[in-house]
Structure formats: structure tokens, C-alpha cells
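In the two complexes below, chain A is the common chain; its partner is chain B in one and chain C in the other.
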Partner chain A sequence: MSERSIDNSMKQDAFSKYHPAVNLLFFAGAVCLGALFRHPAYLIAAMCSSLLYFFALNGLKALKTILVLLPTLIFITLINPLLNTRGNTVLFLIFKRPYTLEALIYGAVVACIFFITVIWVNCFGKLFTADRIICLFGNILPNLCLLLAASGRILPKLIENSKQIATARSSIGKGGEKEAIKDKLALRFKILSALTSVSLENSIVTGDSMKARGFAAGKRTSFKPYRMTYCDWLAAGIMTAMLAAVFGVLLGGFAYAEYFPGFGIAEMNGRNIAGVLIYSGYLLIPSALQIKEKIRWSISRYGI
Partner chain B sequence: MKKSDKLLLAVFLVLIPVTLFIGGKLPGKGYYITGIAVITELCAPFFASFEKSKPQARELAVLAVMCALAVAGRIVIPIPHFKAVFALIMLTGISFGANAGFIVGAAAAFLSNFFYGQGAYMPWQMMAYGAGGMIAGFAFCNFKFPKKPWIMAVFGFFATVFWIGPLLDCSHMFLAMPEISLASLAASLASGFPVNISQGVCTAITMLVFGKPLIEKLDRIKLKYGISEAENGL
Partner chain C sequence: MEHFKIRDLSFSYSGNSEKKNLDKINLTINKGEFVIICGRTGSGKTTLLRHFKTALTPYGKRSGEVLFNGVELEKVGAGEQAAKIGYVMQNPDEQIVTDKVWHELAFGLESLGCEQKSMRSRVAEMACYFGIQDWFHKSTAELSGGQKQLLNLAGVMVMQPEALILDEPTAQLDPIAASDFLNTVRKINAELGITVVITEHRLEDIIPYCDRALVMENGKIIIDESPKGLGKLLQEKKSPMLYAMPAPMRIFCEADGRGECPLTVRQGRDWLGSELGDNPQIKELTEPEFNKEVKAPALSLKELWFRYEKDSPDILRGVSLNVPQGSISAIVGGNAAGKTTTLKAVCGICKPYRGKIKIFGKALNRYKYGELFNKCVSMLPQDPKSIFVKKSVREELYEMTNDSEKINETASLCGITELFERHPFDLSGGELQKAALAKILLSEPKLLLLDEPTKGMDAVFKKSFARILKKLKERGVTILIVSHDIEFLAEFADRISMFFDGGILTTDTPQGFFGQNSFYTTAASRMSRDIFKNAVTAENVAELYLKNKGNTYEKVR
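Here is the complex of A and B:
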């Protein structure tokens, strides 16, 4: 069990110093655009920048995640031609169906999009701690956020309690050293049952305590450690402008990429070069902030 | 007509068709984005009615415990591939009604993603888990299925294999498949089927062994502390 919610390592990330709404805007834009582009240049830009930020957030641990993802990516690439037989260049026949080059390449494109989405969502999860989520949605969905926050608190306590119950049981000789899976399961259900009784009773105490402190007595406000500052508005403005430009290129149809029946991929003309540059610029914002912070930190440290 | 019903109708008749129409025009894998948007719109009426119902502090605390318990099941029962989470969500739905089942299911999916790392499948998980709790609530509270262990076990098995499982498997089609078609839907469903069967069996076992005790515990809490299910029912 990793206690991610009380992970303090996020304090070092420069982008997380911005308001959660700014972070949400960035990730919404990155995931949307990542899913919509099929043009290779844009895909490469998105892959490189998402990987850079992923490594910046996770360090070398990121390699493990990528290695786990790799078989899925290969699977997606290879499975597409089996489902989809369109395309001009037939490589070979399998199950009496053509296996085409175009479908294979398109499979790779889909795998890339999958990869980009997964990496961005992973970064999002790393950045969005409980306090940020509650800051964003606490006013819109107060009860749901309270439910989430409360169960996020109860979860580690439950796990601790279950260990206590297991220890207590084993110290009176009911620990169940038996190996058979049926006995193991029965034992575990007994622990779960005891755990449920204890925590339900506790929850009533919690509920009464909440009520005694004025729950539902008036309009509830949520504690917000974040405020939209001048910097946040500026960042949001710049991001929106960049997003608008990239969406313009995309929805204007300038970055078209057709894979069936033959390849028809937009040339890298002026519009597309500008599009790729703005797109990469947008996606590199968090990494750039972090690099800037690192440089500033080392300068102040060594007194250069 | 109640206000919440109007909201539901507005979502189904206006909002979702408009989203699908706009989503259909998006290039690339726009259907992933469209899928997330539609799921958000589907969840919105439930969340809104939960906020409207103004739950008491005790109710909220009990629901929070059930949600945490569903997530902790994986740790408390450390047997590989044994998942009690669907059974626990369904039991919450059975005991507290369809709406509470949906809320606890969605919250449990979110929480488990939160603790084990966010995945790109999260919206589908929230929807599927919530739908599991909801259907159990409908069957046992609204349609008054008898709350006997073996009925709950059979119901749990079928609900997992033919309702929660397919909803979860759909996410493969949206995320990993190259296009939205019957063939890719069939491939996603077929690849998930063995896992669904194994999870259905786990759900049935949990219902059989743990269903009655848990329902009794929850009933006792409701009776002793006066938490009514009518307020939370749909």
C-alpha cells in the first residue's frame, strides 16, 4: 500500500505550485489533443514531451511503468490488422484475411495515442492530491467530496485495524496457519466481518461528532490553500491562447492524416510547423517550469 | 414531475445526443473524449440527487466506511485474483438503495484509483462500479428480491459477468482499439470474459459467505441509530 495521499514529494514540482484549476486546464488540453491528433509529427511531439514530464515527476521509477506498458503497445499494434483489413499493401494472408501494412502502421498510431493518454493521466494522478481535488470540486459537489475525503482517511485506518484483528486472533490461537485456500478464505472473511462491525460503530461516533460541530448547520465552505494569483491568470491565459491555436490547426483540417486505403499525410508546411511548435511548447510548459526551478535551485545552492 | 427527473430527461434527451453528435465530428480518437464526456453526463444526475438529498452526518460516515471497506477488501483478503469489491458495493446498494449504491461504487472506483495510481480507465470504472451498486439496489430494494444469501450470490454472479464486466471491458474499445465497431466491441468483450467469470465467482462466494452478516450489521446500524433508507433511495 503506497500512501500516495500523504506523499510530500510533490512539493518539489514547480507546476504544482500553480492553482489546481490551471493544472486541470493543462491536463484536459493535453489529453484531448493527445487523443485527437493522428499526424506523426504531432504524435512524436506529444510522446517526447509527455515522457519528459513523466520522468521529471517519477525519476527512474518511470522506466518500470514504461516497461510494463510495452507489451500492451505491441499487442495493440499487431492486433489492429486482424480486426481491420482495409489498406492497399497486403503483407500476407492470415485466417484467409489480408494483413495490410496500412493497418499495421495505423495500429502503431493507435498504440502511440494509447501510450500518450496513459502517461498524461498518470502524471495527472501524481499531481492531483486530495487537497487539490477538494479545492476544485468542494463547492460544486460538497457531499461527494466529503465522502471521498472521509473514506480516504478511513482506508489506511481500516488496513491498520485489520492487521490488529489478525494479530489478536493469532495470539489466541486462531491465526489460521493452515494452508488450504478454503480455510484461509474463511479466516479472512472473519477478519473482514470483525472489521466491518468495528468501523461501522466508529462511523456513527464520527457522524455524531460531525453533527455536534455543526455539520449541515449552514452553508459549508472548504479550506482552500490555493488562490488564483496574477501568475495563475497569466499562465491560464497563455495556455488558452496556445490551445486555441492548436485546436485551430486541428479542426481546420490542416493536420489531416489518412491511413486507408493508402497513406495521405499532411505535408509539413508553414501552418503545420507552427502547429507542432506551439503544441510542443504547450506540452513542455510543466517540464520547463521544473527545469527552471532546478537551475535556480542549483544557482542559489552553489552561489554562482 | 420531480426536479431530478427533469434533469435526468434533459441529460438523456438533449445533452447526450448533442455530445454524441459533436463527438462524431472529431478527428482521430475523438471517441475517447466523447466517451468520457458521456460518462460524466450519465453520472451527473446521480451526483446531483446525492447533493440534493442532504444526507445526515451519520449516513455520510456510514457510506464512507462502506466505500473504504470496498477498496480495502483487496488488502484484507490478500488472496491473488480474489476481488470482493463488487460484492461489497452491491451489498451497499442492497442495504441503502440504488442511489447510495451508485455513489459508493463510483467513489470506491475513484478512491482505489487514487491509492493505486490514476489509470486512463478511471471514468469507465466509476461508471461500472456505480452501475453495479445501482442495479443491486434496484433489484433488492425497488423490486423486492428476497435478501437470501443464495439469491444474492446468483444475482451477484450474473450482475458481474453480464453487467459490470462488459461495462468495464467497453473501456478497452474506447482506449486501445483503433475504431468503434461491432468487431472491436466483440473483441474487447471476448478478451474480458474469462476475467469476468472469475470475478463473478468471487462475487458469488463473497455474497454467500459474507452477504447475510453484512446486511444484518447494516440493518442493525440503521435500526439502532435511525438511518432510514427511504431518504437515500432513488
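Here is the complex of A and C:
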């Protein structure tokens, strides 16, 4: 495993201790497969495992995100039959158009796919801090990655500077707390213009500091705080094998699911059971690692 | 062996060709030397330092040449220069390019196209040498000023330079962080033999350890001496730079001492002891009286409690303080102790959840909006840049009032009349502070709050700043200063309060306060405490010395 753990600000997470490339492989696989499967069994597997990891990463705060997402999901489900009138089973007519059961179910499927994608991307965002992205793409796009790192520096500084200016204004009685909206706007504008000058001024120094350390003096390389270790290669190998199996099931057309004009969904034969199991196994890797680590930790603590 | 050689270097910024910013500089710096360049703001120190690196050389009219290892500097490739000549500037914040500490450390090596494996080991090595393993993965935004500047130094050192050029690296740091930084520089010079060229205002920590000190004036090098002989030369030339020198050297020169010039507190103490013995006749100067009871205080704080967020720890834990009218009072204390927060509470920016603030006898919350800042209270924030929002100093002043007579008067009081057309951001640290002071004075405050006013000022500037404060005091303005600069306060404040553990611990006169402390006190006091009582400034010590020798003391300047 790469020797470092993630930011202190995040909960302890076992999967993020692997090399960013391994993380990226996992999320690429999870998001692709999540978007391709229409079969309910696979959808349920993806829903459950993505949710599990989401909770493992965020704790109970995850509930808030899900509560926000829920109305969107219901909306997608209900709106689909209004746009799509195909399907055999007409439930009722609305705006003189048929509202079909098939379209409603398909709406739910689309909502599920949407949900799975959002959750995976969310987890991805949580894991992939700027330095992990830089580590992955540093060699291909060193300047773009530097830009990313520099903006990660500038944005917090801008916020800090604007606060400072606002406080300074208040300390000479020009903070505009109780003034008319027009004056308040004028004040905001003043702060903004001062902020611009300060930032431009500062950027000259930053530029000098970059030049002084040889920026643009030659071809850039990129420092990587992560290393591919035995564990990383092993994890990558296992994941690739599992991905290949699941893609095999998908591309072989064994997990077909048709909703129009009537339902035509592949039955759960041996191939599909194996497919769902491998698929769930793949998606559960991060959560499983986390649980394993937790158990290990408590055993080692109480086993003394 | 010659490392840098500068021959007949003259330079002027384009536009004003009659004024030369560098005038026929001839200078040789040998390998492994530790050279200090001192001089007043605007004497050309930075301009000279920038000629040590082609990438930073300013645009303008230039003649003469700079040789690095015997080769003309411009012919040395950019990559080689980046690696071999390290350059650290004044602002710790703006020099940092990236968001993570590890990335900042690696930045230089990345630019040079260093290969992964050696980059790894060099970064690791530097992180250990500078003791930054613990914050290796932190965001750069989380670091303190001192840590940021150390990171900047480490980010340069990682390229394994042969020479370090440092341009006022500690101007923005508090005294403890500053002496940490300078000690590291010293260590680098002593242990690794790296050539160091540094400009500094804070000379106490480095003058004793440098090999040569250069003094610049109007773009010329007027003195090139070893530190031992520096004091006498400055005195001969009547240079105001003497005032910036370490206290032992100043005392020695002002007392017209003979023999070898002391540089450190220990040497100074030995010298004083050998001259006067342990028990001189006159041991103390008449001490100003200290009234503990303050009648009708300008500002009275009673048991203030405050915290920034609901769950964060209390910053102010029972702050009580009385500031007498027409005095210059000061609060000293550690970093982030709550001194600035106290000032903010007086301005009503922070609202204490317990306790009482009375300004001129009237409770703070009884002041109507606008009333407080009109002819009553004004605060100069720590970074004076942040109160400027306009394009010229004149416009800044007119933002406060339309009375041009008042503006002219205040400007001449603060000595900024000739800066009217300049952009605020083009001013030097000291000028900026004065312009900011003028701006806030236009609201005619009776109570003036100053947050670290002497940060980034050179010693001579400090003196003229103190003169302004004294004039204000004569007009009856009450001044409350929060500062780390104990040397400044010992000389100019009437009362000093110590802030510690969320409250004001003691209040006393500078003589009483620094006379009692044995660590947190001025160099003059540390040097003379065994022999004299309550001598806290270099002038005090020199005066007592001369009195004991039977001479009268007159202020030279």
C-alpha cells in the first residue's frame, strides 16, 4: 500500500490508502458498469454497494445528501412516461397521451442509474483530492496539474484576503453595517476592486518565486507522493479480473433487460447469478476493506 | 575562492535615469561567506540582491557586470541558476505557489525536470533537516507565518544551492519565528558551507555571526566591514544605521567605549562588568511614577469573555484593562493569544458574550452606529494594505473627509505629503504604515488602536513613527498598541501590559515591566541587569555608564 493515508479532515478510509491509480480503476469500472446495466438484479446490487460505501465515507451526514436526491429520483420516475409513451400496459391517459406501466418502470430504472452514478462520483470526489489527481496525470499534463495545485492555493487565499479587507473596513467605521442597500453594494464593489489589486500585486511576487525556482527553465516532471506497491498491483489485478468477468456477462448479452414494448428481462440463471455475485463483490471491495480494517483494529486493541 | 564578483554595477529603473538606484557597486563575495547588507528602506538593497539572479533582475538601464563562479551570470543557464542560487523574499504567503506542503517542497525539482527517485530522496532529506515531516501533508494555507517562511527556505534548499540570497526574510514574522528562521539560516551556513547574502532589519540575531556587514546608502556601498569594527565606522560617519544595530554595539558606541566592540548580550555584559565592576556608584535612573489607579480611563475593559465559534475554546477569558487618557499604552504577549481580538472587541467587530467595555466612560453598546468611529475610536489593522481601496494616496485620504486643509495638516504630521500621487501598493512597509495612520487619523480619533504598527519597518523609520505618536499624545490622543516589538515599546510606551492565558496579567511602566523580566525583555536590560537596575533601553544603559564614568550624557542624535 502507498505509505500515506488521506487528509486528516476525512474519516479513516482503507481504500484510499491504495495508489490513486487503483482508486481510479475502481471508480472507472463502477461508474461505467453502473451506467450500462439495465437489469434489476445488477441495479439493486450497485445501489446497495454504492450506498454502503457512501455511508462508510461520510457517516450519517450521507443521509442529508440522499434526502436531497430523493425528490429528484421520484421526479425522474414520474416524468418519464409523460415523455415516453411506448409500452403495452396503459395505466391512464394524460394530456390525451397514454401513461404506461413500462415507461414508469423504465423511469425508475433511469432514476436508479442516475442515483448510482451520483453516489459513485460523490465518493470519487471525496477520495480524489487535488494531489491524487496530480499524481495520476502529472506526467501527461504537468502544467495543467500545476495550474490545479496553484488554484487550490489561490482560492482560499482570496477568501481570506476579502475577509481581511472587510474587517479592516469595519475597524475604521466604513464597514457599512447599517447603511442603505445602495451603499452596501458600493462597499462590496470597493472590496472587490481592492481585492483585485491585492491579488494582482501578490501574483507578481508568486511569479517571481516561481521563476526563481526554475519555472519554465526546462521540461517539468511531477513529484509523486504515492508509490505502486505489491498490494496495489495485487488489488489492481484482482479488480481487472473481476471487471473482465462482469463485462463478459454484459457484452455477451446475458444480462439483457428490455422494457418496451413489454418486459423482457433475462432470468436469473447460473450465469447471471455468478455475474451479480462478481459484480457485487467488485463494488463491495472498498467497503469490505474498511470493515476488515475496523475489525482488525479492534482485535489488535483488545487482543493484548 | 570568489563566488560572486560584481564589477562597476550601476543601475537605474527606467524613467528616472538621473537617479541611480545602484551606483558603481564593486563587491566580491567568497564561497561560504555570510554577508549582511543593511541600509534604510530605499537604499538599493533589494535592487542589488535581485542582480544576483538573472530571472529576477529588474528592467532598467544597467552597466557593469556580475560574475558567478567566474562566469558572467547571464551566460549561466536558467536551470543552473535556479538550482545553484536560492532566493527567498519577504512575504511568506505570496511566495508559496501550490496548495500542499509536499508539492511546494518538490516544486523546484519538478521545474528542473528531476527524476522521480532522486526527487523523492531529496524532498525527504530536506523535510527532515527542516523538521517538517509532521506537516508534510498539510495544506499550505494552514501554516503559520513562520512555518510558511521556513517552507519557502526548504523549497529552495531542496535544489541544493551553492548560495542563498535572502531579502528581508523575517520582516513579516513575529520575533520568535524570526529568530528561529535566522538560526536556521545560520545553521545552513555553518553546517553546509553555503554562501549567504542577506538583507535584514532585525540585526540583533545575525550581526554577531556574520563575516562581513555592508551598509548601503543611496545605491552605494558606504561601509564594508567585519561586525566588530562596524559600530565605530557608523559612528564616525554619523550614519543613522547605528540605531538599527544590536543593543550591545549601540551602548558601546554611545558610551564611547574602548577595546573590542561587544556584539552579543554576553559579550556586552562582560564588557560592562570589566569597565564598571559589579557595584557601580549610580545604579539606577529616576524612574517615572506608576499610578495603578486610573481615574477616568479612556478605555476600560472589565472581564471580557469571547470565542469565535460556538464550540471553539474561549480566546478572551476575563480581560480587564484600564487605559489612562493621553497615554501610550501597550499590550505584549505571545502569538494568537488574543491581543488582536481584544482590539477588535473595542471596535465592536467582535462581540464579547460577557463583560463590559467602556470608552470614555460610556458603554460601547450605548454608542450609536457611526458615532463610535466619528472623532472617537479608530483602529490601524495589522496589514495596513487592507484599508486601502483607491488608486492613490490622495484619493484614500479624500475617502475619509473633504476638508483639504485637514488632509494637508494630517499628511504633514505623518510626513507623507510627497507620497500623495503614489499608488498605495507601491509604498514601502514603513511608508504604507504612515499613510494608513494618516488615513485613520482623519476621523480624528481620541482613542487610537494600533495592531503591530512596526512590522516591516526599519529602525530609522520606527523612530520617526514614534515621533508621530508622541505628537499625537501631546494633542491628547490616547494610544493603545498591540505589538511584539519590545525594543520599540521599551523606548516609547508609558505603560505595558502582559497578555497571557486569555487575560491581562500585569501592567507596569516599561522600566518596571522589563526590569523585572529576565527573558521577555530587551537586550539592553538582559545585558545590564546584574549591574544596573531598571535600565531597559540602550540609551538608559549608555547614560548610566557615562554617569558612572563621570561624564554627562547627551543624546547624540
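Here are some notes:
In this text, the second predicted complex is superposed on the first by the 285 of 304 C-alpha atoms of A that agree within 3 Å, B and C clash if a C-alpha of one lies under 4 Å from a C-alpha of the other, contacts with A are read in each partner's own complex, and residues count from 1 in each chain.
To be clear about the criterion, contacts are C-beta pairs under 8 Å (C-beta built on N, C-alpha and C of every residue); 3 or more make two chains touch, one makes a residue touch a chain.
Only a predicted model underlies this, so the values are computations on that prediction, with no experimental measurement involved.
On the superposed chain A, the positions of chain B and chain C stay apart, so the two partners fit side by side.
Vertex at the C-alpha centre of chain A, arms toward the centres of chain B and chain C: the angle is 70 degrees, rounded to a multiple of 10. Contact with both chain B and chain C is seen for A:P142 once the two complexes are overlaid on the shared chain.
Once the two complexes are overlaid on the shared chain, A:T240 sits clear of chain B and of chain C alike.
In the superposition on chain A, no contact is made by A:T85 with either chain B or chain C. Looking at the shared chain after the overlay, A:R169 reaches chain C, while chain B stays out of its contact range. When the shared chain is aligned, chain C comes close enough to touch A:P225, but chain B does not.
Between chain B and chain C, B touches the greater number of residues of chain A. By the touch criterion defined above, A:S298 reaches neither chain B nor chain C.
Contact with both chain B and chain C is seen for A:K211 once the two complexes are overlaid on the shared chain.
Once the two complexes are laid over each other on the shared chain, residue contacts for A:N269 go to neither chain B nor chain C. Residue contacts after overlaying the shared chain place A:V110 against chain B, while chain C stays out of touching range. Superposition on the common chain places the nearest Cα atoms of chain B and chain C 8 Å from each other.
4, 130, 142, 146, 150, 152, 191, 193, 197, 201-203, 206, 208, 210-211, 215-216 are the residues of chain A that lie in the contact sets of both chain B and chain C, per the superposition on chain A.
Against chain C, the residues of chain A that register as touching in their complex are 4, 7-8, 130-131, 134, 142, 146, 149-150, 152-153, 156-157, 160-161, 164-165, 167-175, 177-178, 190-191, 193-194, 197-198, 201-203, 205-206, 208-225.
The residues of chain A lying in touch with chain B in their complex are 1-2, 4-5, 31-32, 35-38, 72, 76, 79-80, 83-84, 106-107, 110, 113-114, 117-118, 121-122, 124-126, 128, 130, 141-144, 146-148, 150-152, 154-155, 158-159, 162, 181, 184-186, 188-189, 191-193, 195-197, 199-204, 206-208, 210-211, 215-216, 250-251, 253, 256.
Listing the residues of chain B that touch chain A in their complex gives 26-30, 32-33, 47, 50-51, 54-65, 67-69, 71-73, 75-79, 82, 84, 103, 107-108, 110-111, 113-120, 122, 175-179, 181, 183-184, 187, 205-206, 209-210, 213-214, 217-218, 221, 225. Of all the residues in chain C, the ones that touch chain A in their complex are 53, 55-56, 77-79, 81-83, 86-87, 89, 91, 93-100, 102-103, 106-116, 119-120, 123, 137, 139-141, 152, 155-156, 159, 344, 347-349, 369-370, 372-374, 378-381, 383, 385-389, 399-400, 425, 439-440, 443, 449.
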